[in-house]
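Can you read through this structure? Questions will come right after.
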Amino acid sequence: MKKKLQGVLPPVATPFTADEELDIKAFKANLQRWNQTGLSGYLVVGSNGESVYLSEYERDQVLAASKEAVAPDKIIMAGTGAESTRATIQQTRRAGELGSDCALVITPHYFKGQMTPARLMDHYRKVADAAPIPVLVYNFPQSTGLNLPAEAVAQIAEHPNVVGIKDSSGNIAQLSELLRLCPKDFAVFVGNAAVFFPALCLGAVGGILAAANAVPERFVELMQAHQAGEMAKAKDLQWRLVSLAVLVTVTHGVGGLKAAMEMTGYQPGVVRSPLTMPDDKARAVIQKELTALGY
Amino acid sequence: MKKKLQGVLPPVATPFTADEELDIKAFKANLQRWNQTGLSGYLVVGSNGESVYLSEYERDQVLAASKEAVAPDKIIMAGTGAESTRATIQQTRRAGELGSDCALVITPHYFKGQMTPARLMDHYRKVADAAPIPVLVYNFPQSTGLNLPAEAVAQIAEHPNVVGIKDSSGNIAQLSELLRLCPKDFAVFVGNAAVFFPALCLGAVGGILAAANAVPERFVELMQAHQAGEMAKAKDLQWRLVSLAVLVTVTHGVGGLKAAMEMTGYQPGVVRSPLTMPDDKARAVIQKELTALGY
Amino acid sequence: MKKKLQGVLPPVATPFTADEELDIKAFKANLQRWNQTGLSGYLVVGSNGESVYLSEYERDQVLAASKEAVAPDKIIMAGTGAESTRATIQQTRRAGELGSDCALVITPHYFKGQMTPARLMDHYRKVADAAPIPVLVYNFPQSTGLNLPAEAVAQIAEHPNVVGIKDSSGNIAQLSELLRLCPKDFAVFVGNAAVFFPALCLGAVGGILAAANAVPERFVELMQAHQAGEMAKAKDLQWRLVSLAVLVTVTHGVGGLKAAMEMTGYQPGVVRSPLTMPDDKARAVIQKELTALGY
Amino acid sequence: MKKKLQGVLPPVATPFTADEELDIKAFKANLQRWNQTGLSGYLVVGSNGESVYLSEYERDQVLAASKEAVAPDKIIMAGTGAESTRATIQQTRRAGELGSDCALVITPHYFKGQMTPARLMDHYRKVADAAPIPVLVYNFPQSTGLNLPAEAVAQIAEHPNVVGIKDSSGNIAQLSELLRLCPKDFAVFVGNAAVFFPALCLGAVGGILAAANAVPERFVELMQAHQAGEMAKAKDLQWRLVSLAVLVTVTHGVGGLKAAMEMTGYQPGVVRSPLTMPDDKARAVIQKELTALGY
């Protein structure tokens, strides 16, 4: 791919109407507004996009809409991982057909006791062989209950069509190992806002961060401060962003994120059941953090 | 439902041909052979049926075939859980249309940090309200990374259309709590062969046990020995079955199970990638246990 | 040792006065009362005896007092495990000198990443070689963060001076493995009241159970019902005992246990800081369970 | 205390002779050599000092020897945590009497289910009240199985005699929270070399790092590079130090550390059983990393 893999990307929330139907119009409106920011691109149909709640047809609609709405210089990364190798290949091909620039493939994990590094390496190689677009590995132990060790990632990284990783473990020691073991041009993104600045200090190329859906400007500022060597400013932004990031991920999940997006002027709609939107008390806490961040 | 929920049910393995295509003919042949045994019925499109690897169309084929092949007195229980409430309802309705007797609904778990007991109770109630057939809860923490506490199950059990649970935690203390807190006619199945006999001693009505795909006769014997008060015989069978059960679940997973089924004369075919079939050394260990069990 | 290792033993609580000083008089009074029951003996200076809070001198006092107060037919089992092999040997020798019948040795665990089965097997063999009294292994993963696998226990069990195990994991599948792999005369005790009856069904010889400090009669009844083949009665007692057992271990710990003991007429005194005694609300819940059990 | 709490401190290994006896002469010789480096001081009788294997008398000897051998400008921090509040107070007082500058108090953890934040806060306050020297909190979840949340630390930090923390969790998100919530002059040390540089970027004052026993110069260089704003150099040193740090902690534990110390010219002796020294193959791997680091 020609676009440079680096910078801040939000894992885009998928808007639903009050009766939980997909709202493509709102989805496009959000992208058009984000196009005005310093974001490097978008992860679509990822975890935060409630992809596990989307039908095949809905996935296609979101992918097509993202291609239509994206600014020409920004990346479309599509979440295409499934449990079986065959379904992952099929979804990655479909993303390529619909114009995505690259694919993010989560580790299969339902049979976690069987998902040895050897089997996962084989899975990624088969997917990368068959994929019409570059592939990034996605390691998210908090959700999958499975961690892909740095050594395994380094071996997968040797495949010419595997170009990077999103690591959401929050494990900075492991991220450090990843950076040390993988090729220099392997794009290591961090997927956990609480460790964004430390990850940049260690050499990560950017972050794919839920809270960037709501407050993209602050994360872009942090990234730029680090690039400019303004360490004190970057550290200060990191400290200020942590609370909001925790609220819209760990504490209140996608519901919390959608509430925050609404407060900063986006159109997120609601979450699908069994997820729920936060109550008034939780909203007030989120609003307070947004205000402290200048929104 | 009129059939009695009790006894031994295998979570039926789904046969695939060498090129990983669904083999409905083999699936039916297996059921016809199991129809000759003392099994109480079948769990189809469950975890061990590699349901996470099946397309919607393949699921329908398996459900329809099970209805065609099942003996009239045996139960068809369909695995119908999905991540969203709407998809779970849709799959449960579809199972009803295709003739399944009841539905087994796993806890949604991708957003595990958000899956509080309250949200899960709400999920089960909505599903049970909409389901045309009785619903059983499925608690499988080893795979989902999420445990449904006994208190929550007891509250869900108050819904008239929730008739039982499959608990695969292997946690006997929790099973004991379940039995104490739930109504007398709530069917508590254990989903872990390693604790089958102790679970029966505590009052469980039966087991939904992977190894029963390969050696149904021994599990039925154990169940009958317990019912007849032959405790020494039941204990002896339990001790003898544990090793095989561990081999075809924890150690080698569905691949190990399919290897065992082949050895006892069934037609399981292969697993889908990224799962793999066991190598010769592992097969020899499985064969040895089968021989010890009289196969 | 000549006394038979079987039956119900309480891991005896160590009484402290209001200013947290050791109260040997109360300790002896409790033993004298328990001597009138069907208990098989006592585990002293174990986990529930707050042994980690006792000085070397205090340990000696408790061991000596237990020897003085015990009925001639009852067992004194002493908790003698320490982190180093040398300290464990020293404490086991001391217990022998002070008249204990056998020693219970917990797995060392501070350096848990280094406590491989091989190192632990070596530890137990060195201790057993040097011990003047028979040794039992103690596996308590909830507290140590370390589980000793059944295969390792089976190898340790080959040592002529290792005569049994207390397994407090609550893991019935593992207990089943233990029973299958160890010699017939290896005494397997369960250390978790929530699985007492299932463990007896599988072949355990008895239980070392915290709640038996407060309600020894009920546990002895359960044991006797099982031995007499009165399964329904045993199951009923098991169901009734679980809540109390959870309250005086998991929920309120040793503080909860001492509150329960006070209510059934023993002299437990208080716990040492940082542990605390339960508040009035918690006491009321404990009292309710005791009343339901006929106290 | 007048000495500034910052910089690099090794958690000093305690030398034992071949028959596992305490070797005070070797202990002093090591300190005299470290006195020539840029280390800020020493943590003695800590985890890496095998304090759980030391008798009370041996602890006293080590503390007294450290006071005799230390350079006047360097800090003596003593590990004084015990399970009971009373024993912790006693050991902290003893450390003060023997000339230690401050005390590091690990969270009590044997009864981990009972060690609520409230009880731990109370423990630390009682210890800090009674301590004749300043107290630092020690959070080491990998060993204790217990994590002290940042909010609880912030409340403990309000006590005038609690001056800092060693956090060995490796959890950078939590460290970030700690730094944000605690007073500016609260000394936050990181206890995990794998995250040393990221921790400094976020505002930690230094590190208490096992590998600094063997390669103190490199850690001091990293610290100085960070202070001088030489981020690329600091990052490079961090990447180069991680492998060794993992070898002498997670992989081979204190045995690995002592082997490394021997290779760089110190006198560590052996570990006490059940720990063991690494075999020749493991030693070769450690030697290779030391060579790569310029030793």
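To keep things simple, chains are lettered A, B, C and D as they appear, and every chain counts its residues starting from 1.
In this text, a contact is a pair of C-beta atoms (placed from the backbone, for glycine too) under 8 Å apart; a residue touches a chain by one contact, two chains touch by 3 or more.
Being a predicted model, the structure only gives us computed values, none of them experimental.
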*From chain B, what is the lowest number of touch steps before chain D is reached?*
2
_Interface numbering overlap (same over half, different under half) for chain A and chain D_ = same
*Centroid spacing, where centroids are CA-atom means, of chain B and chain C in whole angstrom*: 37
*Express in whole angstrom the distance between the two chain centres, defined as the mean CA positions of chain A and chain C.*
50
_If I count partner chains per residue in chain C, which residues reach a count of at least 2?_
none
*Which two-chain combinations qualify as touching?*
A-B, A-D, B-C, C-D
*Please name which positions on chain D make contact with chain C in the complex.*
20, 47, 52-53, 55, 83-87, 108, 110-115, 119-120, 122-123, 126, 142-143, 145, 250, 252-255, 272-276
_In the complex, chain C residues that touch chain B_ = 170-173, 176-177, 179-180, 192, 194-195, 197-199, 201-203, 229, 231, 235, 238-239, 242
